[in-house]
Amino acid sequence: MEVGFIGLGSMGHPMAANILKAGHSLRVWNRTKDKAGDLIAAGARWVDRPADVMEEDGIVITMVSDDAALHGVTDAADGLGEKLGRGGLHVSMSTVSPATAAALAAYHRARGSAYVGAPVFGRPEAAAAKKLFVLAAGPAAACERAQPLLEAVGQKVFELGEDPVHASVLKLGGNFMIMAAIEAMAEACTLGEQYGLAREKLIDVMTQTLFPAPLYANYGRQIATHSYTPAGFKLRLGLKDANLVLNAANRVNVPMPLAQLMQARFQSGVAKSRGDIDWAGVALNVAEDAGLSPGA
Amino acid sequence: MEVGFIGLGSMGHPMAANILKAGHSLRVWNRTKDKAGDLIAAGARWVDRPADVMEEDGIVITMVSDDAALHGVTDAADGLGEKLGRGGLHVSMSTVSPATAAALAAYHRARGSAYVGAPVFGRPEAAAAKKLFVLAAGPAAACERAQPLLEAVGQKVFELGEDPVHASVLKLGGNFMIMAAIEAMAEACTLGEQYGLAREKLIDVMTQTLFPAPLYANYGRQIATHSYTPAGFKLRLGLKDANLVLNAANRVNVPMPLAQLMQARFQSGVAKSRGDIDWAGVALNVAEDAGLSPGA
Amino acid sequence: MEVGFIGLGSMGHPMAANILKAGHSLRVWNRTKDKAGDLIAAGARWVDRPADVMEEDGIVITMVSDDAALHGVTDAADGLGEKLGRGGLHVSMSTVSPATAAALAAYHRARGSAYVGAPVFGRPEAAAAKKLFVLAAGPAAACERAQPLLEAVGQKVFELGEDPVHASVLKLGGNFMIMAAIEAMAEACTLGEQYGLAREKLIDVMTQTLFPAPLYANYGRQIATHSYTPAGFKLRLGLKDANLVLNAANRVNVPMPLAQLMQARFQSGVAKSRGDIDWAGVALNVAEDAGLSPGA
Amino acid sequence: MEVGFIGLGSMGHPMAANILKAGHSLRVWNRTKDKAGDLIAAGARWVDRPADVMEEDGIVITMVSDDAALHGVTDAADGLGEKLGRGGLHVSMSTVSPATAAALAAYHRARGSAYVGAPVFGRPEAAAAKKLFVLAAGPAAACERAQPLLEAVGQKVFELGEDPVHASVLKLGGNFMIMAAIEAMAEACTLGEQYGLAREKLIDVMTQTLFPAPLYANYGRQIATHSYTPAGFKLRLGLKDANLVLNAANRVNVPMPLAQLMQARFQSGVAKSRGDIDWAGVALNVAEDAGLSPGA
């Protein structure tokens, strides 16, 4: 099918490439054109404004950096929203707030177009390997229409019902749970270290026993050795996500003390000029609080 | 081999049974004799005091409820410690503090006997199914001697070196990481719930994607449905373990804010008369803080 | 002098009345006219739009509920901002974010008008009694011009220099410190209560010894007796202020765990339908966490 | 009257001196004799063991460093407890746990002697100036008997009833509330600093407005200028007190998240080799978390 793709960052680019590989016809737009070079070479068509990536009843996928960027390509000038008309479909795969998901769903509904929220679990390597998990929610017909595209980028698509807000909350919940696992490993490793237990040993045993999940093994390895570059997911993005979680929680008055702890950790990480290391790098703060100097 | 076993509670009993099944000769002691009935029927010999479960150069396993109980059967009157002489071996499988592990290791060393710390991961069902993970640390020769017994109770034995303190810290670290996972799921579920996302749905997706570990599935199911009885591990024991973690951390000045959060959760749970439900029941407090009444 | 006054709520109304009493000529605007009745009777002139409360080079004081309301009367349609020209002065006495203070200062500077941030410490009774403390910051000449008006509403005016942002941050810092005192008293009272020490006794001794400040006596009395109505300052406004504090902190990456704790307390209070009681009512949550039922 | 005094540290010494000045006859004991030199010169009599500071029906005051030290001079070998008989009175002025207060009250009751708990608010300068606040609780007759001595060391004596536990809890509550004030000032100062507001300015305004208590002025000055030596009260003692508060809270299942925060702050301070600076020095950690290097 014909599909427009907006946002060719570290996640969007491999996703677009997989859609192309799956045999779909692709128009692309990005803030900077240079990211599109190889996709164009592989057959994608470059367009000069978000509004041009699809026809009025077409399909457009967005994978942009945050809520503001999503509004920027949707309901701002030259955005896809004004053009996308009755029968059009916007598949939004960025991590955004429930409030933005709700607002854009209403925005499209009012125009006769449809909005499917479809954020993903997985980092760039997973995107390249078509191993993403897709969390999709929106009107049933729209989800069905989006299905081939979602399958082209992920290993599994979860249907979460009609409300894109649910996909947003689930995505935020997952990222929050990763943060919690990072903090838990960091505190446990530092405790062990102060008793002479090697950090690697602790992680090694945990991942062979109670926590046999790749996530614990991957982050655990980083935390055990304090190796946070290159970043799989930057600490400053961790702060962005912690903020999304807490803003979402604040709107419905759900106290989330563990999420607050992580927000403070990420703030401190950024304040200490660690915004560009992996977000597991908050383990440095945990160690420093205990008087250690792991970064030295 | 001949082995003494002290402590026939919900964990100790199935462990002793498995040792018996493995063909070893067993003497047992427990605070109350009635727990020993079926073991005696199966060939174990009852003794009337801890000191009688083994000969002077024998082996004794202890699986008791806490540090005080361990001291009570070891270095108190009628305890195994005074009798166990040169060549004797004490395999301590209870969850105890690093301080107690260090103290008892020194106690035995001074008497020519050996102390192996060998706490386990796993709940009573796992003990019954011989699925425990054993974390063993102590003098190499002593660990080797204990090996057949440890293999008789667990699916895997991890060798953690010479210092029983390391086994203690690793065990506490693991229990702490479980607490963290419980809190993370509880906060995420409550956030989702307030946005209309079914708790079961959230857990279902998490365990199929980022967190494919049995622990997340098992506790997640409890948390999703707020079903905390019968308890696999009682909330009041969660408080005990949180206290062990924080006391251990305090001795080496390691701030553990996430462990503190969990201590407060368990304190509140006990204060609200929930000490006997499963420790995942702290999710009730998370929900109540958000104005929900899940227990009603 | 001639002065316009926008915002006749529980704080603004007594402040406007004091300005009138001090002999100044007053034009007033409020979202609802009925609040202005007695002021009009006392000589104030009602106007129908914010833009009409002053002439182009005149002075206008705003005392509105939040950042959005301040923007609404300033740089929105019919706002004072477009009219207030070279030589005009906007004295903003609301509690607003540093970001809004900075934005409006720049807004006025660009138009040749001046912006003085002058938030106050004190509740409605203090406003009525002319006992407010005024925290003023802005261009020196503008502050000097505003001085007689600030003196008309407060017992003391603090000059904080040229940058209105500093007045905003100081005001937020003060409100945060009140929250901290509330939490401290609440935790101490609950601890004491569980040991049989009367809450009133504890507060009584504290305020006669370490904490001889009216604030401790006043909030302490409420907390000791769990009497939170009528509200001097509503719990939902406490949440608003905690959010202002944390948003300000987030912009400069300052972790404020104590402010986070208070945000969670206020969220929980609102979630439990206590938004309209006094913000000291978070002490109810502290007690409930300890298994008490003070509200029952 | 004749009185024995045990414990001549930075608090006990000036208290003993004031009792001497008030005309009472004094016998003293301390772990090291050199502290007693000037008191002996002024008329006090040195004794070689705690048990010798008073006769069997006499009065003894203890002012020692912690619970263990208090047990050491009371119910240990050569302690005052075995000697003090029917009619004897032990006035315990140290900061100790409610559990120790309860245990020693019972200990004395069983022997016909009386126990008055009488901890104080105030630092060494206040002790020297006879400005301490005394929190007294115990049997009425015993309190009455102790009254002249308590008045000799303090500016005011608060009668807290029959149970020494209440004096202990009140004392711990007060120290906890000081910690909270320190943290509040530290977070507010750091927030202000990052917005360009001078720390001194913030403290200056706070203490002239909302917080006109000497405690805020004194600690505020330290925190504003990051000047923590010489210590008025050492950070490591702050950790000791935070532990006393939290252990007391744990025994009655009162979650105290703010006390936990302070425990973590003090742990981190000690871990960073700051145990000997003033406890207000936790403000260094607050600043470091925000990426500042105030100690450099």
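All chains are identified by letter, namely A, B, C and D, in their written order; residue positions are counted from 1 within each chain.
Quick note on the criterion: contacts are C-beta pairs under 8 Å (C-beta built on N, C-alpha and C of every residue); 3 or more make two chains touch, one makes a residue touch a chain.
Please read these numbers as outputs of a predicted model, since none were measured by experiment.
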Set of chains adjacent to chain C and to chain D: A, B
Which of B-C and A-C has more C-beta pairs touching across its chains: A-C
Turn needed to bring chain A onto chain D - CA fit, degrees, nearest 5: 180
Longest centre-to-centre distance from chain A, chain (CA-based): D
Inter-centroid spacing, chain C versus chain B (mean Cα positions, whole Å): 52
Approximate Å spacing (C-alpha centroids) for the pair chain A, chain C: 39
Residues of chain B whose C-beta touches two or more other chains: 249, 253-257, 261, 264, 267-268, 270-271, 289-291
Interface residues, chain A side, partner chain C - complex: 243, 249-250, 253-257, 260-261, 263-265, 267-268, 270-271
In the complex with chain D, residue positions of chain C that touch it: 98, 121, 133, 135, 156, 158, 160, 163, 165-166, 169-170, 172-174, 176-178, 180-181, 183-185, 187-192, 194-197, 201-202, 205-206, 208-213, 215-216, 245, 248-249, 252-259, 261, 289-291
Chain C residues touching chain B - in the complex, by the definition given at the top: 257, 264, 267-268, 270-273, 285, 288-291
